[in-house]
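Once you scroll down, you'll see the structures, which are given as structure tokens.
What follows is chain A paired twice: with chain B in the first complex and chain C in the second.
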Partner chain A sequence: MRKSFTLLAATALAAATAGAAQADLVVPNLSYRTGPFAAGGIPYADGFQDYFTLLNERDGGIGGEIVKTPECETAYNTEKGVECYEATKGQGALVYNPLSTGITYQLIPKMQADGITLYTPGYGRTSAANGRVFEWVFNYPANYWDGASVAIKYLLDQNGGSLEGKKIALLYHNSAYGKEPIRTLEDLSKKHGFTLSTLPIDSPGQEQKSQWLQVRREKPDYVLFWGWGVMNSVAIQEAANIRFPMENFIGIWWSGSENDVAPAGAGANGYKSLTMHGVGADYPVYADLKQYVVDAGKAAGDGSNVGTVIYSRGMYAAMVIAEAIRKAQELAGTSAVNAAQVRDGFEALEITEARMKELGLPDFGQPFKATCADHGGPGMARIQQWDASAKRWTLVTDWIAPDDAVLDPLVAADSAAYAKEAGLSERCN
Partner chain B sequence: MLYREAGEFKTSYAQDSQTFPIWWDRLWYQVALVVGFAILPFVINDYWANAVVVPFLIYAIAAIGLNILTGYCGQVSLGTGGFMAVGAYAVYKLMTAFPDVPILIHVILAGAITAGVGVLFGLPSLRIKGFYLAVATLAAQFFLVWLFNKVPWFYNYSASGQITAPERTMFGIAVTGANTPAWAKYLFCAAFLFALAWIARNLTRGTIGRKWMAIRDMDIAAEIIGVNPLTTKLSAFAVSSFFIGIAGALFFAVYLGAAEVGEAFGIQKSFLILFMIIIGGLGSIFGSFAGAAFLVLLPVFLKNVLVGGLGWPSDLAAHIELMIVGALIIGFLILEPHGLAQLWRVLKEKLRLWPFPH
Partner chain C sequence: MLPDQLVFAMEVTLNGLMAGVMYALVALGFVLIFKASGIFNYAQGVLALFAALTLVGLQNGQIPFAHLINAAFGTDLHSFGWTLPAALAIALTALVMVGLAWAIERLILKHLVNQEPIILFMATIGLAYFLEGLGDVMWGADIKTLDVGLPQGISEGIEAVTAEWFGYGFFIDRLDIVATLVAAALVAALTLFSQYTKYGRALRAVADDHQAALSVGISLRFVWVLVWSIAGFVALIAGIMWGAKSGVQFSLSLIALKALPVLMLGGFTSIPGAIVGGLIIGMGEKLFEFFAGPLIGGATENWFAYVLALLFLVFRPQGLFGERIIERV
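Here is the complex of A and B:
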């Protein structure tokens, strides 16, 4: 009897999905607009979608080819992520950007087997920066270990070059995402002589009383924070409640949006976070977005997120993907590129200051150039600080480069472990 | 007219005690087997295997496992997610420690290890009952998830605490890893489900199953007529955990390929499988299948209809989907508190009399 159940669903489903049309350039948007992580997922998906809408409306797509972004809701859940990947890959998908470290870990081997590019800017598996092992994965311009190193370098700078005897606590989402920086921070603590304590917060992180009690007891000089979704605003509220000095509380780039600090009101003033791109809506591209997308009524979602930090990041990711596709078209000599050609485009991509300016984003992101071996970019980041009275983020530092002397051996070791596990041999020799 | 016992004459004990005494049932069962093992493997594609059928098969195994414990033996358990995690981590450690042993053996061993852990956490059931036991198994759930997060040995000291299934083969064909063909995934899980459902069906209608049901219906009376509560309850925990462990091992190794304990085997997994057996029908093997199908296939089906068919925005569809599934669960439980299996039983009774009810 069980099979007739399946068959019934099968026929109905086949009828429902048969209508999906084939587009020339398909970039699936694996988003999450529901669940505890929607606070970050919604603006990101909006920015991602809106940038491609802008290209379609203003330039007629990329190289004359319209870009389609079929959206699929994952709710930050790995099982739904698998379903979304399988549902969209048959439509001729060129590149995926799932915005979830858990889903990324699952997709890395699958996409290697299927020959589709996985682009994970600022998240995912850090050691994928090693292009010798990870042929189909790109995570430039920066990754978690870069972020951890930049945060420590900033603190070194604040303390006259020495963190000897300081106490630093890492407060993290108890998942692959939050655990990523631990190994780097452990190595950095040995190098710079600070003590590191790690405080995990179980997903989704609405309950953090015991962790902040521990912060009060241990009295760390600085708290680094790897949070996402609802746990960001809870942590900032808790920090404000125990009167932890906000300027000593530094989040990764996923913990630094307007949604995270707004609920704590004035208490959040002075909170810092990393960022891998410029903030605010003063870039020329926003004028185009307003003209062609928002005012034309074509904005994704409710259109209320334009210009926020996470929206800009989604747009930045879309911009890099669009540039890689453009590069692929140039290399392949055809505008209708396939997934393998797009991968070559990613590997040959170079983003210069001049190109960013042409795209309407002067001084927005760092310039970088990918090679066969380097899929990770320079990994620089800036520090931004929240001004609660003006309700905006301001950049307080210039670009800070990570400590590659510590990171490179870690990347090599972790990617070698993956290569051994998966039975891969090194490329680019 | 078609579905009735009349005219079926049994001439041997074997015939009299077979699982499907009515030929119409037998026919459908055989048709299902032929479709499942001889036709589906040739037509199944990646989407169908990975998104729909394989998760259904695995959840059905887990639901049968929990149904043995809760439905047949009456011991409420909220530790299913934790026990699935034991199966997943056991198979991961075995796969990486002994790469040359066939994956089939690893999965069965993972089930056996989970059975051991299940017996351990089943010990309190000898003293506490009902809601209190549910709380004790809830402790198992949280303890096991905490353990797999805390001790790096379980995830082979990987940087992020993720476990990733390496490629392992059976008869030269990949069963785990990224290069697995859809039909191999499907057949591997379907074979396990068939074998385990067959075992479960025959266990529950034999001596052991009758002992479980005696304990469920009234434990003191059962003890007086000579049913040993210690061995009966612990055997239910062992068999149930064995099933759930195999489900966890397949869930990680064949279906997901990579997993993180808090996300893949959290408390919501325990609830999901408990809801499956409540909706499907407690104390029924068919109910486990029906409940798993209801909670796995319906959301995928709704999503495809709402987003793919009607073109709704994905977030609206996701919210509506939750509401529809929730409303259907409430509706079913009001109309038929004993689950889909009871609905099926009533239908069969009606069919026996059809078309002349009186």
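Here is the complex of A and C:
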């Protein structure tokens, strides 16, 4: 009896040890493939998942550890997003990327308490760029305030360095996401002397007649646009309807995908948007994705989205997470890293152009180096423009840096307010 | 010359009326089904989405369930390789909607005869989720461009005339003008159908009294198929008009939200009520946004439509044109 028990215990121990040695890296994929925002959610989730599939199939995972991406449907609904987080965090989750500013705001305090990293590239709470306050949140390479500043710098460049007397309208999704750039733009309007008007549109944004009649009456020189989902395609159609000059209509990176411009057809020609990464599928990584993932029948979707704007953004987010995990493995000296070690990897991450080239993405994203205090990266973006006849986006500028002199005090003030509210003390001192 | 604010308000009013017609197009489908069967059809918005998805799919020769077929059999099927003329695609989609109405009656309604209205309402909630998923699996979730030849963009004639009259050229979308004409034709056709055809009279008889209609030999099941088919056709028209503005995507199902205040205001049982309700809601919300929006931060339209409908309800609980419910004890 004693012998059997010892044998049983030894078997269980061996199994547990083997389990630990082969522990998978768990990166939950909080996605939205249903509901009104599915058209953006699907390609993003596909790009995100396909990149990890590529690493698993081509490289045997990261540092020999297979990456698992358990998927949970949020439908871009904040309550469901929090439920997904609660349902998946116990699976050994290392990092979350929920692709929703609303969900992000709810998860920030929870993930701080649970000790799991929240990665929100190009969305979420902008002031989370301040690592002194937001220990568990990272939003590099760029955030909304960077986007607003880059758009204004681009317009400055287009107007000989002065926006004095110009009228700029911000058309925005009436939500936490859409309201993010207002504060920055207000400060920038004081600095550069332009008049800012703000026009909210309630979600989902299928009916925007009032806002576009106002644009037509007030004749702003430029319209900046923070939309998502159906709001994007309707806005571009309405702009074309009122004959607003499309080259003066500039969307944030979430308002600049093929889905947004296609319904307006030729009317969308010339529409511009910001982007924080390259366009098209002429990067070596896509050949690998085709060979190891799509052609092998292992793609998350049917492969038709590969190389589109939102797919590429999901893939880029996965690539940064993979690099952070790789860095964590290097720092921890083990491949089976835990959530705390992955956070350290995010904070020590440096992506150089040479590394991007090795990853098959030359000149795709901006190089950046995170630090304890800087979780936001350089915040640069480029402008892309839609060519309706060729049906593709073209990059029309090089990387444009944001105006840190305006942004830094805003980030400091907002994060200090959060620290006070949450009872946090500053780190990195 | 009139003051600028007045001229702008006139432009806003016209656009509000046009927007109201678009809301009424959705509300009509609700009214038809509620009037004939007492069911508040939660799935009406999804019917519009399903119809529009089917229309684009048929027109572009897309193979339905292609993702599923390819995943199951390792094939690479996507398209039949044809592009159908818009009229033919619309006619075929209307047939699909008739088939869907038959299936709904056969698989859902038939089993719920004599059930409480709330049970039927719950069944339509289930139907909405099912159809949304079915549309996704059949045609895919990507945004589709709907091109049935509808004009879009500013009406230059109206712009020129109003510029001459008021010194400011009004913006009226040509698509809204078409929608208005289509809505007028639809209401006229529905009125003629219900007044002067045998089936129309049967429909009215069922709407008045189910038991009495059954006692004179009218088939309740046939009338239900008929009315769901007509509502499906109305949903197709609404799907075309809204889909032309935004592309066909899953948020189309949310246009139902725009119809609810129209129904509250116009009454759930009146076709003219849906039209008049739509016009009042459209005009009211646009004028409120124009005058009060800048003072209170804008984005007032979604909630103001409901406030306006509730205000009307205080004075006429059955809606402007709804049937007055009299219960004697």
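Points worth noting:
Heads up, the rule we're going with is that the second predicted complex is superposed on the first by the 406 of 429 C-alpha atoms of A that agree within 3 Å, B and C clash if a C-alpha of one lies under 4 Å from a C-alpha of the other, contacts with A are read in each partner's own complex, and residues count from 1 in each chain.
Heads up, the rule we're going with is that a residue touches a chain if its C-beta (ideal position, glycine included) is under 8 Å from a C-beta of that chain, and two chains touch if they have at least 3 such contacts.
Just so we're clear, the structure is a prediction, and the values are computed from it rather than from any experiment.
Contacts of A:Gln206 after superposition: chain C is touched, whereas chain B is not reached. Legend: residue contacts after superposition of the two complexes on their common chain; A:Glu180 is shown touching chain B, with no touch to chain C.
Counting residues of chain A touched by each partner, chain B versus chain C, the larger count belongs to B.
By the touch criterion stated above, A:Thr195 is placed in contact with neither chain B nor chain C. When both complexes are overlaid on chain A, the residue A:Gln91 reaches neither chain B nor chain C. In the superposed model, A:Asn159 makes contact with neither chain B nor chain C.
With both structures placed on the common chain, the touch criterion links A:Val230 to chain C but leaves chain B unconnected.
Using the contact criterion defined above for the overlaid structures, shared-chain residue A:Arg33 touches chain B and also reaches chain C. When the shared chain is aligned, no partner comes close enough to touch A:Thr397: not chain B, not chain C.
Once the two complexes are overlaid on the shared chain, A:Ser335 sits clear of chain B and of chain C alike.
Shared contact residues on chain A (touching chain B in one structure, chain C in the other): 33-34, 38, 42, 174, 200, 202. Partner chain C is touched in their complex by these residues of chain A: 33-39, 42, 174, 198-202, 204, 206-207, 209-213, 216-217, 229-230, 233-234, 237, 240-243, 259, 262-263, 265, 267, 297, 302, 304-305.
Contact residues of chain A toward chain B in the complex are 1-7, 9-10, 12-13, 15-17, 19-20, 31, 33-34, 38, 42, 71-73, 75, 77-79, 82-83, 86-87, 89-90, 101-102, 105-106, 108-110, 112-114, 125-127, 174-177, 179-180, 182-183, 200, 202-203, 301, 414, 417, 421-423. Per the touch definition, chain C reaches chain A in the complex via residues 8, 11-12, 15-16, 19, 22, 67, 70, 74, 132-133, 136, 141-143, 145-147, 152-154, 171, 173, 242, 245-247, 249-255, 258, 286, 289-290, 293, 297-299, 301-302. Interface residues of chain B, counted against chain A in their complex, comprise 28-29, 31-32, 35-36, 40, 46-48, 50-53, 55-56, 60, 96, 149, 158-162, 164, 166-167, 177-179, 255-260, 262-264, 266, 286, 289-290, 293, 297, 300-301, 303-305, 307-309, 313-315, 317-319, 344.
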